[in-house]
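Letters are used for the chains, namely A, B, C, D, E and F, taken in the order the chains are written, and counting of residues starts over at 1 for each.
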Amino acid sequence: MKKIEAVVRLEKFDAVKGALEAEGFTGLTAYRVRGRGRQGGVRLQWRGVREFRVDLIPKVKMELVVDDGDVERVINIISRAAYTGEVGDGKIFVIPVEDAYRIRTGERGRDAL
Amino acid sequence: MKKIEAVVRLEKFDAVKGALEAEGFTGLTAYRVRGRGRQGGVRLQWRGVREFRVDLIPKVKMELVVDDGDVERVINIISRAAYTGEVGDGKIFVIPVEDAYRIRTGERGRDAL
Amino acid sequence: MKKIEAVVRLEKFDAVKGALEAEGFTGLTAYRVRGRGRQGGVRLQWRGVREFRVDLIPKVKMELVVDDGDVERVINIISRAAYTGEVGDGKIFVIPVEDAYRIRTGERGRDAL
Amino acid sequence: MSAGDTAWVLASAALVLLMTPGVAFFYGGMVRQKNVLSVIMQSFSSIMVVGVLWALTGYTLAFAPGNPLIGGLQWLGLRGVWFSPYAAYAPGVPQLAQMAFQAMFAVITPALIIGAFAERARFGPLLLFIALWSLLVYDPVAHWVWGYGGWLRSLGVLDFAGGIVVHMAAGTAALASALVLRPRYDFDGSVIEPENVPFVALGAALLWFGWFGFNAGSALAAGGLASLAFVNTFLAPAAAGLTWMIVTWAVRGKSSVLGTMAGLVAGLAAITPAAGYVDPMSAIAIGASAGLVTYGAALLRVRMRLDDSLDVWAIHGVGGMWGAIATGIFADVGAAGLLYGGVRQFLVQLVGVAAVGAYVFAASLALFKLMDLAMGFTVKRHEEAIGLDLSEHGETAYPEI
Amino acid sequence: MSAGDTAWVLASAALVLLMTPGVAFFYGGMVRQKNVLSVIMQSFSSIMVVGVLWALTGYTLAFAPGNPLIGGLQWLGLRGVWFSPYAAYAPGVPQLAQMAFQAMFAVITPALIIGAFAERARFGPLLLFIALWSLLVYDPVAHWVWGYGGWLRSLGVLDFAGGIVVHMAAGTAALASALVLRPRYDFDGSVIEPENVPFVALGAALLWFGWFGFNAGSALAAGGLASLAFVNTFLAPAAAGLTWMIVTWAVRGKSSVLGTMAGLVAGLAAITPAAGYVDPMSAIAIGASAGLVTYGAALLRVRMRLDDSLDVWAIHGVGGMWGAIATGIFADVGAAGLLYGGVRQFLVQLVGVAAVGAYVFAASLALFKLMDLAMGFTVKRHEEAIGLDLSEHGETAYPEI
Amino acid sequence: MSAGDTAWVLASAALVLLMTPGVAFFYGGMVRQKNVLSVIMQSFSSIMVVGVLWALTGYTLAFAPGNPLIGGLQWLGLRGVWFSPYAAYAPGVPQLAQMAFQAMFAVITPALIIGAFAERARFGPLLLFIALWSLLVYDPVAHWVWGYGGWLRSLGVLDFAGGIVVHMAAGTAALASALVLRPRYDFDGSVIEPENVPFVALGAALLWFGWFGFNAGSALAAGGLASLAFVNTFLAPAAAGLTWMIVTWAVRGKSSVLGTMAGLVAGLAAITPAAGYVDPMSAIAIGASAGLVTYGAALLRVRMRLDDSLDVWAIHGVGGMWGAIATGIFADVGAAGLLYGGVRQFLVQLVGVAAVGAYVFAASLALFKLMDLAMGFTVKRHEEAIGLDLSEHGETAYPEI
């Protein structure tokens, strides 16, 4: 099993979520984060008197634990749905998972996903 | 060392936290997330005129880095305390950790936990 | 590649962020968490009539995915910038990453960082 | 001149001013976080733009004696509007106070409309729209119904505090906008996630509080009539809110907080034209029936898949219209409605509703269409996606989180 | 009739209305996020339910001339309550205005009680409780103390603006509820995490602002007495807030913001019965002493492990009671308290406090017990766990986050 | 005595009280989350501390007939301040009402200053500062300008509602503090992240609403003059807000919400001294020019790298000063400004501005310096880092999240 961690634009989250669901990947966990990459950060106004740089910009981080065989597909789905071509589209990381457990049933491993 | 990541019901978080403490596992990091599994999501009202599905529902995600030997015990504690038997009880994942570091003392590895 | 996960004091976050940037590590993802370690938790007042213990205290969790060779340097930078010597300085964990992907360009692996 | 009347009208004017920030929170809490500042900014802009415009041209166009369709220009720039009362409107208060009180009505009306195209209007065109609509729609309609010599006033149309002039007009313009302007790109016939429901309750509270000035202040004197309007402004929304509470409970199994707040405002809109013409028991009847009618309108709006997502039409348009008609049914103070044999009054109310409805709808439709063609009224897709707070104002509501 | 008096009473009535949303935020900010909407909804419901009920039956039961225990039925459905003043209450204002002003008092009293069982009451039974308590407890007690012919009024009990009728009554009912209803499942004798402390401050600000109408409006005329009550409503809470600030500083090492807000409200409750009977220096003394007394009561409540977690009893019950007694000590305007030789007045105040306290306590206890047995007043364990916003209303305060 | 005037002055006093919580939210929304409670607490403390002090000593020092520099002591502890009017100030209202109205002005002035050292002041010294500054600076200055026999009043300085006494004084003290106190450790000449911009809008709304009492109430009677002041308090901020909106749009490409709110408040500060002396078209001119002047001052403040980060000096200090000078230019009601040949009036205004500015600046500078040396005015580095809510009050604004 692998955990796919994707950091995507806030405004793309619905599209990504929908695309995953359409392909049968319903299980996921998501939360708001603030991130910085090569992208510069946004400039906000302070009363129009002066700008201030907010160098961490809001993103959504999604986590999906999937079977090894699904990793490529999931990366594909996410990256297509999250793509705009502009700086700030985000990153996807793949992290090993040694075990999974479903609390309700006590199932373990792949069955627990 | 392993990182135990557990996604549990908001309303079970206190119980889980208490159970872990009772068994000596004080170190943990937690935050609110929104998740989706087999569970359907909640239906919320919009002015009673129409429902809207919120398909991601609020959960707490907890992370504990523990010694390899403690993994089973921690999974046990969490899954017992978080259990209701209803859809939405949550998941636990086990992820390898290669090193740990305590900033205050500079200790490393197991000593740092 | 490794993912460095660091939990640091809220009030040290700017310093840590700045130190990382100064050494060329711009990419990072951060979010607020609440944590508990050996540190006791803060006591808050309830109308001055009674205290209540908030045993999870607010922290920032930062995640940086870096090249294997950079791990030690990053740990060093973070731990120096986040250090106060008081309980609650925080922890750093190192987690293996198997792959990385940049959505905008489709680059993979080290190139994607 | 009476110090007591003046005290009441000034206090009422301040109360009505507070309603526009009330709208800002009522609406602002219902949009998504990325758009909350834009809604607040648009509401405050209505105060600023219409406020200045009212002093320059609006007041004279609406209230100066003129012809049946529009006021004269003798009070341009408030020339001659001063300490002495203008008896045709309010014999007991300085004309300046009557002017200020009316200014607040002119200010809130466009602010109500903005709920119809929340989360997608460009700020520049919006400002222009507010100014033009105020000039071309609000000022004439206010003259017709309230102005000395206005044709609907002469006909005998009753609109105590603006159920027709303010609420029906705003709701009708909202409907026009929803027909002309593109819906939000992510609108699926359904609705949106409210950012902050306590803000909606705060807005409702400020609206109700301010509405006592709106309705009871419209007596323009502190006496029995103001007291009656006050009581009715208390009872009708209570009844309407209860109605929504019960209906949502019956229909959905749980009573809706957002729905109850919507019901309160619907009851307020409905009692507005009637406040000084009906007795308190009629006010309860008008409130309760307005609850049912506006709930139905909100359902209909959803079924029509119109993206007037904050229900300006259903709540204010239909609520105000129903109130104006109900005034023709229940009036028994200083006028006689249908229940008291006043067939003519009832028909006159229908004429008022139809005439104002038709003019406002046609004029608003044309204005939105022309402006949208000429300059584009709505933002680009990616601007909508990142939210108006950033794309239009370069700020976010909670930069720290 | 006086336009000035009418202006002041109407403005005051609007101010008092705003206090109930003030309570919604004052309480709402102190509960957990999952219950904030339920508290807001309960407060607004008190306006709606009691508002309509007051027009139908409450006003006549409380204020119509009747026997010493209850008012007559001549004003049922507001029959005959109209533009002319009813001199026994307010010679200068239309009776409709006096009725509306009093309506706001009837509305806020049950809203104060809900703090005692926040986070665990079922919404349906709560609505029924509000209606029954208003009818069976508030209306008679208001008649005793304020009604023409009421026995405590005849006895000479002084309660300028409702320290007994509103605050002590609400706090006593809160105490009864805490004895009868189960505590929250997760109540450990300690307290809860407030969701949003700025909302608590907002609520306190709206309460203080509205309280000027509450107290100074109770003069029912705009003159010296209203001015005195106004000044006292400014000074007493200031002194009480300072007292809590200092005490929490001394006891805990840091001055508490939540405590200071509690102190302000305690000072307001305490000055309410005294506002028009004492001079400003006495108001400062009453405020400061009320700070100490209510702080002690709050400590006691914690020690008794009662789950009246928003301290309705300690703040309103004890604050209002202390104020009523203090009126019997400090009164020197239109009456003489203990300090000025008025032994009888002092004893009369004690009688008033004891009689109302006993009746309200017994009646509330019975009502809660019966309702709890008959239909269950509190939610199920898992409903409490997921929070009342979802379980009772199917909504959440911040769906987006 | 007039019930109408009394009703208006009492209502106005309540409105002005609400402004200080307005400041709490206006400022509180602009600081970081870890300091929001401290700002709220400091604002409320100003009400409590100055409120009690005003009754004891402030009112008599400012308003009792005395010498040209300071009032007498005959009204110490409000002795003799009672139901009858004091004709030199307000022939139509009880002196208690005039006293209460003025109390609110004394209360808000220190609350305005705290924005200058937000996020770094220790709470204890701050309380002491509020008390001392009120006694040593506010009371004398109020006496000079408004007190019977005050030297600037005798000279003929016009300050209708406190542009000099309240706003310029507060802004000048803010400037002094920024020169004496250390900046925040993390201040880089730039600014801070506002915690909650909707709170800023809420604060602005409460301020504007309350300001109608502030300015129109300063007529101390409900008539033509109050109506004029009311109208001007509506138009000037609208014009100033529009100016900031347009300027930020022109300069930054997007109109700023925070900037527009700042502009509104700047326009309110600027019209304060002029409100009853100028006609509405002049009010628009004063508002628009105040927008430009205060925008420039805010730019300058940033360039000087002064850590008066909420711009108390730029908005209130410069806004109030410009308004006082503009009164000397535009006055045409009951006085003649430069435009109407009133050269002397213009010069007198300059004298008033210079005298008050110099005294307030010197006294505040000395007070801050001495207090900072004696006890340390600012918190330690690590206290600033964890935030004043925890370090000074042991609480956090949103404990749950």
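Rule of thumb we're sticking to: a residue touches a chain if its C-beta (ideal position, glycine included) is under 8 Å from a C-beta of that chain, and two chains touch if they have at least 3 such contacts.
Because the structure is predicted, anything quoted here is derived from the model rather than measured.
**Q** When I count C-beta pairs in contact, which pair ends up with more: E-F or A-F?
**A** E-F
**Q** Please determine the option from A-F, A-D or C-F whose contacts repeat those of B-D, over half of the contact pairs being identical by residue number.
**A** Of the listed pairs A-F, A-D or C-F, the one copying the B-D interface is A-F.
**Q** Round to the nearest whole Å and give the separation of the Cα centres of subunit B and subunit E.
**A** 43
**Q** Rounded to the nearest whole Å, what is the centre-to-centre distance of subunit B and subunit F, using the mean of the C-alpha atoms as each centre?
**A** Taking the mean C-alpha position of each chain, the two centres sit 51 Å apart.
**Q** Can you compute the centre-to-centre distance for subunit A and subunit C, using the mean CA position of each chain? Integer Å is fine.
**A** Going by mean C-alpha positions, subunit A sits 18 Å from subunit C.
**Q** By the touch rule stated above, which residues of subunit B touch at least two different other chains?
**A** Residues 31-32, 45, 54, 84, 95-96.
**Q** Which residues belonging to subunit D are in contact with no fewer than two other chains?
**A** Answer for subunit D, listing residues that touch two or more other chains: 2-5, 7-8, 11, 193, 196, 202, 252, 254-256, 258, 393-396, 399, 401.
**Q** Could you run through all the chain pairs that touch each other?
**A** A-B, A-C, A-D, A-F, B-C, B-D, B-E, C-E, C-F, D-E, D-F, E-F
**Q** For a test of understanding, state which residues of subunit C touch subunit E in their complex under the given definition.
**A** 45-52, 54
**Q** Which of the residues in subunit C come into contact with subunit A in the complex?
**A** 1, 3, 17, 26-31, 65, 95-104, 106, 112
**Q** Considering only the defined contacts, which subunit F positions touch subunit A in the complex?
**A** Touch residues, subunit F against subunit A: 190-191, 193, 244, 247-249, 251-252, 254-256, 258-259, 262, 295, 298-299, 302, 311.
**Q** Please give the residue numbers of subunit F that touch subunit C in the complex, ascending.
**A** 34, 186, 382, 385-387, 390, 393-396, 399, 401
**Q** So in the complex, which bits of subunit C are touching subunit B?
**A** 2, 6-8, 31-38, 55-56, 59, 61, 71, 75, 78-79, 82-96
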